[in-house]
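In the two assemblies presented below, subunit A is common to both, partnered first by subunit B and then by subunit C.
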Partner chain A sequence: MGIGGSMERRTILKAAGASAAVLGLGATTGCGGGSGAGDGTVTIRYSWWGAEERAKRINRTIALFEKKYPKIKVKTDFQTYQSFWEKFQTQASGGNPPDVFQNAVTFLRKYDKRGILLDLRPQVDAGHLNLDDFRAGVTEVGEVDGKQLGVPVGSNTMALVIDKKLWRKAGVEPHAGWTWDDFFKALKTIRDRTGVPGDTGYFGIMYLYDLYLRQNGKAFFTEDGLGFDRADLTEWWQDGYNRVRAGIVTDPKAVAQDLPKSSLSAGHGASEFTWDNFTVRYHSEGDSTYGLAPIPTTDGKHTGQYLASLMLSASARTAHPEEVARFIDFMVHDPEVGRIMGYDRGILAGTEQYDAFKPADEINKEIARYEADTAEAGVLGTITPHPSGADTVEAAFLRIGGDLGLGKVKVSDAVKQFFDESQAAFQA
Partner chain B sequence: MSATTTPTTTSRAPLTGSGRRRAGSLAWHIGALAVLAVVLYPVLWLVGASFKPSKDIINGLQLFPGRPIFANFKNLADGIADIGIRTFFQNSLVYALGSVAGILLSCSLTAYAFARIRFAGRNTLFALMIGTLLLPYHVLLVPQYVMFQKLQLTNTYVPLLLGKYLATEAFFVFLMVQFMRNLPRELDEAARIDGCGHLRTYWSIVLPLCRPALITSAIFTFINAWNDFMGPLIYLNEPGKYTVSLGLMMFRDSDGVAANYGGMIAMSLVALLPVLLFFLTFQRYLIDGMATSGLKG
Partner chain C sequence: MTLLKETPPDTRKARSAAPAAGKRRGRRENLAGYLFMSPWIAGFLLLTAGPMVASLYFAFTDYNLFNAPRWIGLDNFTRMFDDPRWRKSVQVTAEYVIIGTPLKLLLALGVALLLAQSRRGQAFYRAAFYAPSLIGASVSIGFVWRSLFSDHAIVDRLMSSAGIHAGGWVGNPDWILYCLVALTVWQFGAPMVIFLAGLKQVPRELYEAAEMDGAGPLRKFWSITLPMISPVLFFNVLLETIHSFQIFGSAYVVSNTYCGPADATLVYTCYLYQQGFKNSQMGFASAMAWMLLLAVALVTAVLFWSQKKWVHYAEDAR
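Right after this comes the complex of A and B.
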C-alpha cells in the first residue's frame, strides 16, 4: 500500500478546494447582522413570535419606521412561541441575541439574571424613549428592581369566555361580583339542563390559580419562589378532580381529543378561562356565539386581576442602544402603527395608539369593552412578580394538572411532583 | 413508501379449479388494498383537507370536502408573510442537494480509507468515529453555535453544510465502509497492476460498485435535510433564507389563535412532492445497482 502517495495528496487537496468553493457560494450572502455600514446606516435585528398574519402587519409598521428613520434598517425574524424561545436561548448563550425582541413578563427575571436584557432607563433619561402616555399601570409590567427591561405594546387580562347559547339555554347568567360558589352552581345547572359540562378545566391554568390566590391575600409567585404551600394546591387540585368526576368539568380525555381546537369551541364545555384577547380564537373555530364574563370572586368584590402584557425588550449586547430605543418608542407610540397592529398583541398599551384604533368588528369591540369595564370596576392590581424559572413552572403546572385530570397521578403525588420541579426550576 | 409486491398467481400450484383460484386471488387483492388504504389514509386526508376551509379541517370528520375550495393553494401562491413560496423551496433545495453532494463525496472518500488503506491507528480512529454517534445533538448545539458565531458565519448555510463536506456523519461513513469491505479485493489488485493509484481505484473501481450504498445515503440525506428544522431555526435569521420546514410553521401561532390550518396543510402537501420525486427517481437506480453489483467480479 502507499504507492503514488504524493500525486494523490495533491488531487485530494484539489477536491477539498472544490468543495470549499461550493461552500463559499453560501458564504457570500452572509453577514452577522446588527452592524453598521460606512454611510452611517445602522441595521438592527428584531425577532418576535407569531404567525404570518402578524408578520404582514409588522412588515408594514417597519416600512413606516424606515421611512421616518432612513438611517436605521430593521431585519425581522419570527417563529412560533416554542421555537422562538428555543432559538433565543441558543443565540443568547452564543452571545448573539437579536437587538430587539418580543418578550413576556415570565422571562424578565430569567434573562435579567443572565445579563441578557438591556436596562432602557438611561435611554428614557436621554429622551430617546418616552415612558409617559401609557394606559394606567402597564409600564410597571416591564420593571424589575428599578430597571426598565421591557416596554409594553399591548395588554391583556384573564377573562371567562362563555358559550352564550348554552348559558342562555340553561337559564343562568354571570354577573360582576359573583362568587366561586355562584360559579360552580351555575356550572352544575348547565350540566343538568344541557348535558354539557360547565367548564373545560379551570384547575390546570396557572394564571387563574394566581387570581384565586390573590383574592385570598397570596399570589402564585413571590420574588424568588412560590407564594403558596402544598395544602393550598392539594385543595385546589382535589376540588378540580372531584368536579371532573362529577361531570361539571369536561373530561380531560375529551379535551385532548378536541385538540388543536378548544373544547369550548367543540361544544364539549360551556366556558373557559383564558386571556381576553384570545377570544378571537373561539369565533374562528366554533359555531356558537361567545362572550366575555367577569372572573368569580371570593369576597364579592376582588377578582385579583391585573394587566399582563407583551413587551419589546432589547439585548444588553446591542451595539446600537439609541437606535433600538428609538425603534421601541416608535412602535409603542406612533398612532399609525396602532391602527395597523390593532389588538393583535393585546389592547394597545400606549394612549396615542389606544385612541387611534377603534375596533370595527363585534368581537374586538367586546374585548375593548371588557377591559374598560374591568378597569372601571377598580379591581386591577399590580402584577404578580415572576421569578427566574417562572416559564418552566408554568409549563409544569399545566402538564401535571393535565396528568391529574386524566387520572394518571394521585393528587398527593401531583402536588409533590410540582413542588419538586418548581424547586429545581428556581435554582436553575 | 410501502411497496406492496403482488405475488404472481401462476406460481401457485394449479391444483384446484380456476374459479377457486380466482376467488383466492381476489380475496388476497382485497386484503392488500385494505391494508394499503389504512397506510395511505393520512395522505388521503391531507389531500382532502387541502381543499377545505380551516374551520372544517379542525371540525369535520369527513375525508373529502363537500364543496372543494382552492383558496388554500391561492393563499400559497400569494406567498407567506410577504415572501414568495418559491423562496422556501429554493432554499430547501440548495440545502438538501448541497448536503447530498457533501455526504456522497466526503463520506465515500473517508470510507475508502477505512476499508482499503491500512494505516496506523485505523481501528482506534474508526472506533472514535463510531463513538461520535453517541453524542446527543443537544450537547453540540450551543458550542457549535458559539463557534460559527465567532467565525461570523451565522445567517448563512455554511453551518448547516460544512459538516456534511467533512464526513462528520458517522452513520453514512459506517454504511459505506461495510459495503466496501464486501467488494472483492481482487478488483483493486487488478487495478493496481494496471497502474492505478488509490484515488483512481476509489473513483473508477470502488465508487461505481458502491452505487447502492451511495443511493441509499443520498435518499436519506435528502430527506433528513429537507425535514431538518432545528438547524435552520437556530442559524438562519431572515425569513428570506428560511427553508420549507420553517415556512410551514409560519401558519401557526403559539396558542392556535386563528391558525391558518388550510394554508399549512396545502403547503405540507406541496412540500411532500420533492421528497417523493427524489425517492421515485433514485429508487430505480437502487434496485438496478443491487442487481448488477451481484454479477461476476
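Right after this comes the complex of A and C.
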C-alpha cells in the first residue's frame, strides 16, 4: 500500500471514530428526556389511556395550560387501556415513568408498593395544589394510608346500560330497588319476546360481583386479599353458566367475536353492566338507543354502589414536582378545562368544573341524572379497598368467567384456577 | 553468535523490523475493522447478549420488575409443570407446530412441483404464491384474518353453503387454532421458493435414465426428486419448525390481544408475554423463555440426528 492507502486508512479510522462517537452521543441524549432547558423552561411528560376523542379534548386543555404557564411545556402520549399499562409498567420499572399520568384505583396500591407514585400531600401543603372544592367524597378515592396518590378528574359508578328499543319491545322496564329475581325475569322475557339474550355476561364483571357481595355484607377485596370464599364464587358462576345455557345471557363465542365492540352495541345482548360514563361508547358503536338503569338489589334497597374515579397521579421520580402539582391543579379546577372535557372521564370531580359544564346532549344529561339519582337515593358507600394486584385479578376474573361460559372448564376448576391466580397476583 | 556477527547490522535490523511493521499494520487494520463493527458489537452486547445473560439469571429468581430479584433456585421451572395454563400453552403450541408445519411444507412442495415445469405466466404465478409470505406476518393481515373467520363472514358463509353450520371460527375455542394454522399455511411461498431452487438443481439426465428404465411419474418423484431435494427439504423442515414455535403476532392479533377464547390460542410466547408484562412475573417469564429455547434446541437436535437417515447429499456419491 502506498500513500493513498494510508490516507484512506486515516479517513476510514476517522469515520469509524465519528460513528462510534455519534452512537455514544445518541445514548446520552436518549436518557435526557423530561428535563429543563437553559431558559428555565421545564418539560413534563403526560400520558393517559383512552380513545382519539379524549386525546383531542386533552390536547385543547394542554394548550390552555401552556398559555397560562409559558415556562412549562407538556409532552403527551396516549394508548388504549391495555397497552397503556403494559407500556407504563415497562417505563416505570426502567425508572422512566411519565411525570404525570391518568390513573385508576385498581393500580394505586400496586404502584405505591413499588415506590412509583408521588405523595402529593406536601404539594398541597405548599399551596401548589388545591384539594378543596371537590364534590363530596371523591378525593378519598386517591388516598392510600394517609398519602394522596391521585387527584380525581371525574367520578363514575357502576350502572346497567340497556338497549332501550329491545326493552321497550319486550315490554319490560327496570326500576329503582328492583331485585335480582326481577332482573333475571326481565332478561328471560326479553329473550322470549325479542330473541336477543337479555345480558352480555354479567358474571365475569368483577365490579358487578363486588356490588353483589357488598349487598350481602362482603366485598370483592379486603386490604390484602379476596373478600369472599370459594363457595360464594361457585354459586355466582354456576348460576351464570346456567343462564348462558338457557340463552338469556349472550354466548361468549359471540362476545369474543364482537371485540373490540361490545356485544350490547353489536345487538347480541340487551343490557350490559359497566361504568356509567361508558354509555357514550355504545352510542358511537351501536345503532340502537341506550339508557342507564339502576343496579338490581338483594334487599330491595341497597345497591352496594360507590363512586370510583379516574385520577391524575405523579411519578415519585419526577424532577419537577411543583410544576406537576400546578399542572394537576389546573386540570382539575380550571372551569374552561371542565367545559372542554365534559363527562369523558366521568362526572367532573371539581366543583368549579362541575358547575361550569352543563351537558347539552341527551347522553351526557342522562349520565348526570343517573349519578344525581344514585346520590339522592343514598345508596353510595365507601369504595372497596383495592390491594396490589387488583388489576391482574380483574383480568383473570373476566377471562376465567368467559372460559366458563364457553363450557370449556368446569365451575369447580374455574373457581380453583381463579383463587390460584389471585394468590399469585397479590404476591407479585 | 558467530552467525550474528557475520550478518551485516543493517540487514538484521531490516529483517526484524519488517515483521514488526507488518504486525503493527495488521493490528491497526484490525482496530479499524473493530471500529467499523463497533455499532454492531455494541448492539449485540447491549441488546442481545446482555439481556440474555440477565434473563438467564432472572429465570432462577422471583422478579416483579421493580423489587430486586430474589433467588429461588429452580422454583420457576417446577412451578411451570403445576400451572394448568402453562400446560395448556405447551399443548396449543405443539398442536400448532405439528399440524401447521407439515401442511405448509406439503403445500409448498406441491406448488413448487407444479411451478417447476416451464409454462406460460410462470413468473406471475411464482410472484403471486410468494406474495403472502411477505405480508402474512403483518398486523393488518391478522385483522383481515379475524374478519374473514368471524360469524357470518366469508368463511362461515362458504361453509354454510356446503352444509356445515359451524359459525365463525374466531369465537369458537375448538376452531380458532385452525384459523391460525390456515394463516401460516397460506404463507407457504417462502419454503416454496427454496423448494423451487432445489428442484432446478436435480440433473435432467437422472429423469431421462429413469424414463429409459420405464419409471412412471410417482416412481421418479419417490426415487429421484425426493432424495435429490432432501437437503432442501431438511432445511425447510428445520426452519419452519423453529419458526412455528415462535408464533406470537398472529395469535395476539386474531384473538384481539387476549389469546382466547378459553385460552384456545394461548401459544407459548403469548403466555410468556402475559406473565412477564401483564402479571409482573418476569422471573417466571424468563424461565419460560429458556424452557422454550431448550425445547427448540432439543427438537433441532432430533432433526439433525434423524437427517443422517433420510437426507442424501449428492456430493457424497461423487
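The rule is short, and it goes like this: the second predicted complex is superposed on the first by the 397 of 428 C-alpha atoms of A that agree within 3 Å, B and C clash if a C-alpha of one lies under 4 Å from a C-alpha of the other, contacts with A are read in each partner's own complex, and residues count from 1 in each chain.
Definition applied: a contact is a pair of C-beta atoms (placed from the backbone, for glycine too) under 8 Å apart; a residue touches a chain by one contact, two chains touch by 3 or more.
Note that the structure is a prediction, hence the values are computed from the model and not measured.
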{"item": "Touch count on subunit A, higher of subunit B and subunit C", "value": "B"}
{"item": "Which of subunit B and subunit C A:Glu52 touches, first, second, both or neither", "value": "first"}
{"item": "Partner chain in contact with A:Ala246 - subunit B first, subunit C second, else both or neither", "value": "neither"}
{"item": "Contacts of A:Phe278 with subunit B and subunit C, given as first, second, both or neither", "value": "first"}
{"item": "Which superposed partner A:Ser93 touches (first subunit B, second subunit C, both, neither)", "value": "both"}
{"item": "First, second, both or neither for A:Ala63, with subunit B first and subunit C second", "value": "neither"}
{"item": "Contacts of A:Pro260 with subunit B and subunit C, given as first, second, both or neither", "value": "both"}
{"item": "Partner chain in contact with A:Ala372 - subunit B first, subunit C second, else both or neither", "value": "neither"}
{"item": "A:Gln82 touches, of subunit B and subunit C: first, second, both or neither?", "value": "both"}
{"item": "Subunit B and subunit C contact sites that coincide on subunit A, given as residue numbers", "value": "12, 19-20, 23, 82, 86, 90, 93, 260"}
{"item": "Subunit B residues within the subunit A interface of the complex", "value": "54-55, 58-59, 80-82, 94, 98, 101-102, 105-106, 109, 117-118, 141-142, 145-146, 149, 152-158, 161-162, 165, 192, 197-199, 229-230, 233-234, 237-239, 241, 246, 249-261, 263"}
{"item": "Complex contact set, residues of subunit C against subunit A", "value": "28-29, 31-32, 35-36, 38-39, 42, 64-67, 84-85, 150-151, 167-168, 170-173, 255-258, 260-264, 277-281"}
{"item": "Contacting residues of subunit A [partner subunit B, same complex]", "value": "1-4, 7-8, 11-12, 15, 19-20, 22-23, 26-27, 29-33, 45, 47, 49-56, 59, 75-83, 86-87, 90-91, 93-96, 98, 260-262, 266, 278, 280-281, 284-285, 287"}
{"item": "List of subunit A residues in touch with subunit C within their complex", "value": "9, 12-13, 16-17, 19-20, 23, 82, 85-86, 89-90, 92-93, 114-116, 252-257, 259-260, 392, 395, 399, 402-403, 406, 408-409, 417, 424-425, 428"}
